[in-house]
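Both of the next two complexes hold chain A, though its partner changes from chain B to chain C.
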Partner chain A sequence: MTNFIDFLLGGFSNGAVIALMALALVMVWRSTRMVNFAQVGQAMFTTYIALTVQQSTGNWLLALAVAMGAGLVLGTIVYFLVIRPVKNSDTTGAIIATFGVLIALQAGAGMIWGGDPEGFVPPVSNAGLEFAGRIWPISLYDILVLAVTAALVIGLTLLFTKTSLGLSMRASAFNPEVARLSGVRVNRMLITGWALAGATGAVGGVLIAPVSTISPNSFDILLVFAFTAAVIGGLDSLIGAVTFGIGTGLVISLVTGYTDASNAPVVALVLLALNLLLKPDGVFSHHGSRSV
Partner chain B sequence: MLHIEKLSVSYGAVQALKDVSLDVPHGSVTAVIGANGAGKSTLMRTLAGLEKPQSGQVTFNGEVISGRKPEDIVRMGIALVPEGRSTIPELTVEDNLKLGGMWRSHAQRNASLTRVYTLFPVLSERRSMRADTLSGGERQQLAIGRALMTGPQVLLLDEPSLGLAPLIVTQILELVARMAWDSGLAVLLVEQNATVALRIARSGLVLNLGEVVKSGPAAEIASDEELRHAYLGY
Partner chain C sequence: MSNVDSTTGKVSNAQKLRSFPGNRIVWHAVIVGAVWLLLLLLNNNIDPLYSSYLALVAMYATAMFGMTILVGLSGQVSLGNGALMAVGGYVFALTSMNWQTVPIFGWQWNAVWSMVFAGLGGILIGGIVGGLAARLKGPYLAGLTLGLAVGVPAITNRFPELLGGENGLMLTVPYPAGGYSAAAGAAELGDETTDSGADPGLDPSISVDEDQYAELDLSEFDQEFDEFDQDIDPNTNAEAEDLLTEGDLLTLDDFSDGGDLGLESPEPSEEPIVDAGVDSGVDSGTVATDSAGSLDDGFIIEQWQASMAIAVACLVAFAALNLIRGRQGRVWKAVRDDPIAAAVVGISPSGSKVSAFVVSSLFAALAGAVFAQILSFVGPGAFGLGLSLSLLVGIVLGGRSSLLGAILGALIIVWLPELVNGLAGERGWPDQITNNAPNLLYGLLVVAVVLAAPGGMTGTLRSWIDKSRGKSRSPLS
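Presenting the complex of A and B:
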């Protein structure tokens, strides 16, 4: 039982990062109805930028802010690279193009920063906290990860539900024609969606880097988990992405704890397959919205 | 005033509109009638910028609007309520309304919102409910309300009566006619239900297979028995 609780607690901060990556996938899905497989590549690239900033200034907050800014810019660039040229054909072409972008980003990062894994120094201790006579599987850094994730999720929720920009973005996602007829510049909203997704993924990357290492391919596995979480959540639901992102983190932690880390991706894919068999619309999906 | 001159639109090889000319004056309702496939919706969608004309042009207060984007045309004061209760079911009633005219000042939008709630009290009662909980007639009111939120000078209404009970149709159309009269709004109304449309309209246009068969005072069209039999089917 102690093991179980430890494994579960150990999964939260990992789950938070998966939730952020899933959120990024969902924001792109909501704006252009496609999955951006380059999302983790973008996060990897911006995390390298953050690493460079941290190594030269020693300021973690600055590194995080620069990564977010770079994420906004990179999200916008990828939108113009991928969506604009293939806009009038079907989205299949654009989805394949996102794989191209992923490979290009990985190759580019390899050329700039080299292929060897590098460490990212956490801003606070990554050692398990000692409390009530034992060491718990939660560190000060895990708490920071959860706090940053919670702040970002709350910020995004307020943006989407309380602001005119958020309303315009939601309307553009639900019904672009009605949005345009209402005067919304839908294209700008789609770009904003991609940019915000880029920034969200960037935060996820910076948060996960200290507990793994960073190399051009180190986030690939994150894509499997985030994609699983996003799809189970319904692909267009922000709540779904967060809920199942954290859920996936907990499941991975249990699987890793009781068996072996190499089983985690398999379990994730089994969950994904089960979801597609039993509830293909996703758990939190607005009914029928996937037919678009 | 909205001025349409020799407008032609085609979808591939299909000629949907051919040399359609029409003036839509302020302060009254102009009805566009005709059978299915006559090109009525194409006309409306082209005016709103959703379809690109092949030839001809549309001017509004002297400015050419044909070929512009829908989001620019609505900002100039021409609002379309497309066919089929164009509301966003996932959003609340108030969010559906607030979506209209987001570029306008806070004061203008608040004034429009108050006006819409006065015109359609049922929307005020249901403001925090999701749009998909509304009845068909209420959703049509919401669609018109969203268009009014953009502060239009021209209102394009594409078959507001579709699937609604006759009593509700009469209510909505009479309200539209009153609005045109009271606030100098120019209304272009597409209807399959020619009787009701011609009753509230001052002038009318009959389309058949994309071409204008007749245009003139609504009363004249309504009393033209030959026209009625040939194109309007009653």
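Presenting the complex of A and C:
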């Protein structure tokens, strides 16, 4: 039982990062109705930038801020250069194009920073906390990860529910035609969605880097987990992405704890397949109301 | 019915000829056979280094023929084909390693049986995944198959005793009994050259023979090319009607016949090789060991690998050609372009998607088995996400919906890294740049192609030809 609790606790910070990545996928889906398979590639790239900043200044907060800024810019660039020209003409092509961006980003990162895994020094201790006479599987850094994630999720929720920008974004996601008629600059909302998704993914990348290592391909597996979480959550639900992102993190932690880390992708695959079979629209989806 | 021109109501003889399925199969067999012969002649007359490239190109092309059907015709973006190649590779490795001495139906266990089982494994897994995939649209399918590409290689770690874990499995490739000699390609044509094939002393005669055959091939190929040109401009009315009739056109059931037909053809070629080995019994052993010899002398492993890969690629191309240009190809396109309209005329959209998935899985598994033989090794690293992505890249660059595009894509995938390596050697680029330059190019090219020329190389070429003829057509058709 203590094992079970330990494994669960250990899964929270991973789950938080998966939730952030899933959140990024969902924001892109909501704005342009497509999955950005380059999302973790963008996050990987901005994490390398953050790594460079941290190595030269030693300031983690600055690195995080730079990564977020780079994520905003990268998301916008990808949208403008790739997605906007291809989006309407060819859905198959749009999916393929995001994979093209992923390949190019990974190769580019490999060119600039090399292919060897690099460590990312955490700002606070990564060792398990000692409390009530035993060492818990949660470190100070895990708590920081959870705090940053919570702050970001709360910020995004406030943005989407309390500001006029958020309202416009929701309107253009829900029905672009009607939103446009109501005076919403739909195109700007789409860009904002991509940029925000880029920044969210960038935060996720910076947060996971000290726990794993960072190499051009090290986030591939994160894409599978995040996609699983986003799809189970319904692909257009922010709450669903966060809930199932953390849920996926917990399941993976349990699987890794009780069996072996190499089973994690297989379990994610099974979860994804089961969900697509049983409830293809996801748990938190608004599809039912949309199709009326 | 389908032969009647809808505007004139007359049946033209040419149309009759072209729409008769048996006739079409013969033409396809001649096209593929001619290409096969040309490739074998090429293989026997080039440096073994180039033969190993040829083997890789043929292997990639085999897998990409499946991608043509899956991505191009059926419109399903899949990243799972690398994983399905892993299935084929591992089945081949396990069966050829563990059951090598067991005869089945009186036929001694060898690479062919292992290939058959690899194909069956591909069909099985492809059927399961395809059943899931049929329920999914665009991004969902891509995501699920992405999971497959990451998950399947990870499974090997789960069974380290059976599958070798991270280190993979080394396998002893079951070479043909008599060894592969340079003249084996010529031996495909008939018995008269087989005797000389085992004897290095008769080189001049071989080359004379080959020249003759080369001439013959070229003339045949020209004819084929004309026929091909004619077939390129389809009568759209006839096509639409064919879609509605379930008549004499090729269905998936015919595929097994086509496969049998194809599988028979290598037999006469294999037997002479074995015979040659038996005839010159003493030689065969020495020939096989003296592999370091010149081109015409003895067993050259790269050439054998290339001839094997070419054989598989040609058989798969033959099957794919019949499927794509037959009824099933039109069914796939119909479902891709408008699933609802296809359902209205009695096509099952999900059935069509599953069949595309199963066929491409079969091709991928066969390619995986070939890959295992080329590498003499299977491991999770060789079949990772990178392989799946490179298949996607190749098919997009070459041309999503034509078999020629798949071949061009395979050439690009094999040739571009070599080009970059060559350039890097000249210019003295650091490894960090050299190792990543091909992938950077792939990524940028894929984006550029999707944006500017969605039909890839063949699609663009075709639309130029159409434009010069004053016709217009979607580059993806």
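We take it that the second predicted complex is superposed on the first by the 285 of 292 C-alpha atoms of A that agree within 3 Å, B and C clash if a C-alpha of one lies under 4 Å from a C-alpha of the other, contacts with A are read in each partner's own complex, and residues count from 1 in each chain.
One rule holds for everything that comes next: contacts are C-beta pairs under 8 Å (C-beta built on N, C-alpha and C of every residue); 3 or more make two chains touch, one makes a residue touch a chain.
Note that this is a predicted model, so its numbers are computed, not measured.
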{"item": "Fit or clash between chain C and chain B when superposed on chain A", "value": "fit"}
{"item": "First, second, both or neither for A:P123, with chain B first and chain C second", "value": "neither"}
{"item": "Touched partner set for A:A179, first chain B, second chain C, both or neither", "value": "first"}
{"item": "Chain B versus chain C as contact partner of A:S168, first or second or both or neither", "value": "first"}
{"item": "Winner by number of chain A residues touched, once chain B and chain C are compared", "value": "C"}
{"item": "Contacts of A:P85 with chain B and chain C, given as first, second, both or neither", "value": "second"}
{"item": "Partner chain(s) touched by A:G69 [first = chain B, second = chain C, both, neither]", "value": "neither"}
{"item": "Shortest CA-CA distance in Å separating chain B from chain C in the superposed model", "value": "16"}
{"item": "Residue ranges of chain A touching chain B (in the complex, touch as defined)", "value": "164, 167-168, 170-171, 174-175, 177-186, 286, 289"}
{"item": "Touching residues (chain side chain C, partner chain A) in the complex", "value": "71, 75, 77, 79, 132, 135-136, 138-140, 142-144, 146-148, 150-151, 154-155, 157-158, 385, 389, 392-393, 396, 400, 432-433, 435-440, 442-447, 450-451, 454, 476"}
{"item": "Contacting residues of chain A [partner chain C, same complex]", "value": "34-35, 37, 81-82, 85-86, 89-97, 99-108, 110-111, 114-115, 216-217, 220-221, 223-224, 227-228, 231, 260, 262-266, 268-269, 272-273, 276-277, 280"}
{"item": "Touch list for chain B against partner chain A, complex", "value": "48, 50, 69-71, 74-75, 79-80, 82, 86-91, 95, 98-103, 146-147, 149-150"}
